[in-house]
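Look for subunit A in each of the two complexes below; its partner is subunit B in the first and subunit C in the second.
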Partner chain A sequence: MKEITEFLRREAARLLSEGVELFIGYGAGTRPVSARPLFATKLEEVAELVFNPFCVHNLVKYLLRHADRKVAVVVKGCDRPAVDRLVAERHLDRGRITLVGIPCGGMLARERLLAELGPRLHIEAVEDRGSSFTLRFPGGEHTLEKKKYLMEKCLGCTRNNPAGVDVVIGKEVLPVADPEHDPFKEIREIEALPALERAAFWEKFFGRCLRCYACREVCPACSCTECAFEQAVPGWQQGATWVSKAKSLPDNYHYHLIRAFHVAGRCTGCAECERVCPVGIPLMLINRKLAAETTALFGEAMDDPCGALCAYSVADPDEFE
Partner chain B sequence: MSVEDGVKREGEKNAWEPRIVAFLCNWCSYAGADLAGVSRLKYPANVRIIRVPCSSRVNPQFILRAFQRGADGVLVAGCHPGDCHYVTGNYFTRRRLALFKRLLEFTGFMPERLKVRWVSAAEGSRFAETVKEMVEELKDLGPNLVMREGR
Partner chain C sequence: MVLKLLSKERLLPFIERLMQKFLLVAPVREGNLTFYQPVKTAAEVAVDAPRSVVPPKEWFFPQTEEIYRYATGSGNLSLAGKVTAPPAVLFGVRPCDLRSFDVLDAVFLHEPADRYWAARRENTLLIGVSCNTACPECFCTAYGISPVKGTGADIHLTDIGTAYLAEALTPEGEEIVLSSPEFYEEKVAGIEEVLGAKEKALTEEFAVQVEIGDIPAKMARLFDHPYWEELSRRCLGCGICTYVCPTCHCFDITDENRGNAGWRLRCWDACLFRDYTLHTSGHNPRHALHQRLRNRFFHKLKYNQDRYGIEGCVGCGRCVALCPVNIDIREIIATIRRL
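Let's look at the complex of A and B:
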C-alpha cells in the first residue's frame, strides 16, 4: 500500500500544480483503523494523503459542494458509477472533474477487525497479498483473510478496477470476490418468511431508526435540492408534511420505503447508506432487492440516464389486469 | 383525517369491515365508477374514492399514507395502457407500481393490499366487480396492521 500512497501523493501534487483547485482524497483517521476524507488545496497538504483498506468512504458526493470548481477526486471502483449518476442528472460537469481511480483489493470491515484485534490497535503498515491483508504492528504481523474480514459489499465485488477514470494509481488488481458469496442469500430468506414475520423483521429495524437522515445525506443518488421529507413549510403547516418530527414507527416505515423507492433504479450500490447508519439498519437489503427487481422487470437498470423509473416501455410486463 | 371516520353501520356495530381507499383516474376509472352508479350496479360501500387527474398522479407516498391512516387496502385504477388521456401517463404508473408492489411485499404487506386495475369509462361493471373482489379478499385477510398509526 506504501507504493500506492506515494504514487497518489505524486499525482495529487502534479494535478494541484496543473490547475486543479481542490484534491479530494483520504487522510489517516483520528481513530485506529480508520480513514477520513481529506481536502487538499495546497501542495504541502498532499503529504497527508493515504490509501489503505480503511478508505471506505464514497467521496463523490462531496463534489456537489464544489460543483463550480476544478476538482480532482479519488474513486474506487464502487464509487465510480456515482459520478455518472450525478453527471446524468446534471448536478456535475464532467469536464471540471478529474477522476483519480485506485484499483481496490477490498475494504476491511472495521467492527470485525476491532473485535478480533482489540480497540487499541496501532497499525504501521498494510500490505495487500491478493487473498489476504498483512497488518504490521510495532510488535509483529497479523494476516487477515479477505474472505472473513472484508466488508459485505466487497465480498461479491467485480468492479475492483475503476473504469473510465483520468488517472489510474497503481496496478490492476484481480477481483477479490468470494465465488461462494451469495449477495441474495439473506434477501431470499426474508422473502421465504410469511408476511407477518417479514413485517416484524423490518419493524425491528425501522423502529430504532432515529431519522438522522445520514443515509440520505451520504447517498449520491439522493441529491434533490429540496427533499420530500423536509419541505420548507412554516410551522403551522408542519402537519401537512409527509413525516412528522415525532418518533413514530409508521413514519419511519414511510421514510424508509420512500427513500429506497426514490433511489430505485438509480442506486449505484456503494453501500454508504448502510455503513453510516448509526443503528445498523440493513438498508442494502432493500436497495439490492429493488435493483434486482428493476433489472428483472425492465431490463438493465441504467438504460435511461435518470434511472428506470423515469422511463417506460410499451413492452413492459403488464401484470395488472 | 382518518379513513375510520363514519364507517359504523347500523345493526352491525362490531362486525369488522375492510376499508379501501381507491385512487381513480379522472378520465377513465372515475367515469367507470360513475357509470356503475348510474347503472345502479351494486358494490360494497367499503370503498372511499379519491379522484386524481391521472393514475400516474398517484405518488407512492399517497398509498403509504392511506395505510398509515387506517386503510386495509388501496386500489389504483386508470385507463388501459395505450388509452391514457395524457398519452403516456399510465405507462409510468405501470412501471412504478409494479416495482412498488414488490417493495411493499418485501417489507411485510400482503400482495392483496395494493391492487392496480385498468378500468375504462365504459367498464362500470368491471369497477363494481373489482371492488367486490377486493372486499372479499380483504375480509379473508383481516385488518392491516403494518404501518398503521395508533394500532
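Let's look at the complex of A and C:
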C-alpha cells in the first residue's frame, strides 16, 4: 500500500500543477485505524495524502460544494457511481472533474478492528495480501482475514476497480467479494418475522434516532439545496412542516421512510449513511431492500443515468390496470 | 461528607432500595451502545457501562419537551402546560457529565430561570460513578475534572476492587446513605492512595494529553483566520457533535397545529444546521458552513467561559469518537495554541 500512496501523491502533485485547483483525497486521522477527507490546494499538501483500508469516506458529495472549480477527487469503486448520478441530475459538470480511481482491496470495519485488537492501536504500515490485510505495529503485526474484518458492503462488492476514471492509481485488483456472503440474508430474516416482531425491530432503532441528519448530509443522493424536512409547508404560520422537529417514534419513522423513498432508485450503495449513524441504525437494510424492489420493478437502473424513479415511460409497470 | 464502603454484592440491593422511592434513570446496554433510561429492574443497570452516546443531561433537558397544549372550540380556549419533574435518581453519572450539569446550570438557572430544568434538578438525586477505564478520546483532566472525583453528585461511587467507596457529598446524599446504615462498612485506610493511583492510571489511557492554556484569549485574535474555512471543508454540517455533547443546550421552539388543537414543543437544535440563524426575512448571518463551525468552537472554547466563567467543554471525548470526518476538538485546541 506504500507504493499506492506514493503513486497517488505523485499524481496529485502533477494534477495540481496542471490546472486542478483542489485535490480531494484522504489523509491520516487523529484516531487509531482511521483516515479522513483531505483537501489539498498547494503542492506541499500532497505529502499528507494516504490510501489504506481505513479510507472509508465517500468523497464525491464534496464536489457539490466546489462545482464551479476544477477539482480532482479520489474515488473507490463504491464511490464512483455517485459521480454519474450527480452529473445526470445536472449538479456537476463532468468536464471540470478529474476522477482519480483507486483499485480497492476492501475497507476494514473499524468497530470490529477495535473490538478485536483493542482501542489503542498504532499501525505503522498495512499490506494487502489479497485475502487478508497485514497490519504492522511497533513490535509485531496482525493479519486479518478479509472475510471477517471487511465492511459488510465490501463482502458483496463487484466493482472494486473503478471504471470510467481519468487516472488509475495502481494495478487492477482481484475481487474482494466473499462468494458465500448473502447481502439479503438479514433482509429475508426480518421479512419472515411476524408483523409485531418486525415492528419491534424497527422501533428499537428508529426510537434511538437523534435526528442529527448525518445520514442525509453524507449521502450523495441527498443533494437538494433545500431539503423537504427543512421546508415549511403552506400554512407555515400555523406551524406546519412536512415532518415534526420532535424526536418521537412516529416522526423518526416518518423521516427515515420518506428519505428512503426519496433516495430509492438513486442510492449507489456506498453505505455511508449506516457508517456515520451515531446510534447504529441499520439503514442499508432499507436501502438495499428498496434497491432490489426498484430493480425488480423497473429493471437495472444502471442503463438509465437518470435513475428509475426520475423518468417516466408509458411501458412502466402499472398495478392499477 | 460521609465516607463508607459498599461491598459489590450490596450494590444491587442498594439500587433496589432506591427504586422503592424513586424513579431510577441509569445506564443500560443495548448491543454495544449505552443509554441512560428509566429502568424497571435493578438488574438492567450497567454500572460500568462504557460512555453513553447521548449524555445524561438528557434527563434534565429532554430532546423533545411539550411546553403546553391548547384546544379551541365554541369560543373557549383550553390551555394545559406542565412541568414534568418526578422524584428521581440519576445513577451512574461520570465526572465529565457531572461537570456538564454545572455548565448547564449557569445557562438554565440564569435569571429568568428555566422552570423545566430547575424543577428536574431540584427533584433528582445524583449518584456519580468514577470511571474504571478511560476511552482514548477522553481528556477531562485538561479541565480540572478528575475521573475519580464526584464533584456535583449527591453520592459518588468508586470501584476500589473489592468494594465501592461511597462518598455522600451533600446533605441529600448523606440522608440517603445514613438512612440505610446496614449497607455499609466503615472505610479503611489508604483510600487517598488508591484514588490517586486510579486517577493516574486512567489519565495515562488518554490518547492525547490536552493542554488548554489560555485558549479564550488566543481565540480572540483568530475569528477571521482562514483555519475555520479549511476545517469546515470536510465538515458535513450534521448535528452529531452537538447532540452527543454534554454541554450543548441550544433549542428551538415550534408550534404544531391540528385544526382546533395544537401544542408547543421545545426541541434540541444544532448551530451547525443550515437554518439555525435563518431569519424570516431570508437573511442568514451564518449562511456559510465555516461560519457555523467557527461559532461552535468559539462558543465551546471561549464564549461560554467569557459569559459564565466556566469552560464550555468537559473533555468527554464523544464528539471526537463520533464525528464521521474526524473533526477533533483536541487537535483544534492544539492548533489554536500554535497559531
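Brief remarks follow.
In the analysis below, the second predicted complex is superposed on the first by the 301 of 321 C-alpha atoms of A that agree within 3 Å, B and C clash if a C-alpha of one lies under 4 Å from a C-alpha of the other, contacts with A are read in each partner's own complex, and residues count from 1 in each chain.
Basically, a residue touches a chain if its C-beta (ideal position, glycine included) is under 8 Å from a C-beta of that chain, and two chains touch if they have at least 3 such contacts.
No experiment lies behind these values; they were computed from the predicted model shown.
In the superposition on chain A, contact of A:C212 is made with subunit C only, not with subunit B.
When the shared chain is aligned, subunit B comes close enough to touch A:L309, but subunit C does not.
In the superposed model, A:L196 lies in contact with subunit B only, and not with subunit C. In the superposed model, A:L290 lies in contact with subunit B only, and not with subunit C. By the touch criterion defined above, A:S34 lies against subunit C but remains apart from subunit B after alignment on the C-alpha atoms of chain A. In the superposition on chain A, A:P278 makes contact with subunit C only, not with subunit B. Contacts of A:S248 after superposition: both subunit B and subunit C are touched.
Across the two superposed structures, the residue set of subunit A contacted by subunit B and also by subunit C is 248.
Interface of subunit B with subunit A (complex): residues 60-61, 64-65, 68, 81-82, 88, 91-92, 94-100, 102-110, 116-118, 145-149. Against subunit C, the residues of subunit A that register as touching in their complex are 29-32, 34, 36-39, 57, 62, 65, 111, 115, 119-120, 204, 208, 210-214, 216-218, 230, 238-241, 244-248, 272, 275-276, 278-280. Put simply, subunit A touches subunit B in their complex at residues 190-191, 195-196, 198-203, 228, 242, 248-251, 253-254, 257-258, 260-261, 264-265, 286, 289-290, 293-294, 297-298, 308-309, 311-314, 316-321. The touching residues of subunit C, when paired with subunit A in their complex, are 30-33, 35, 53-54, 63-64, 135-137, 205, 207-208, 230, 233-234, 236-240, 242-244, 252, 254-257, 262, 265, 267-268, 270, 273-275, 320-322, 324-326, 328, 330-331.
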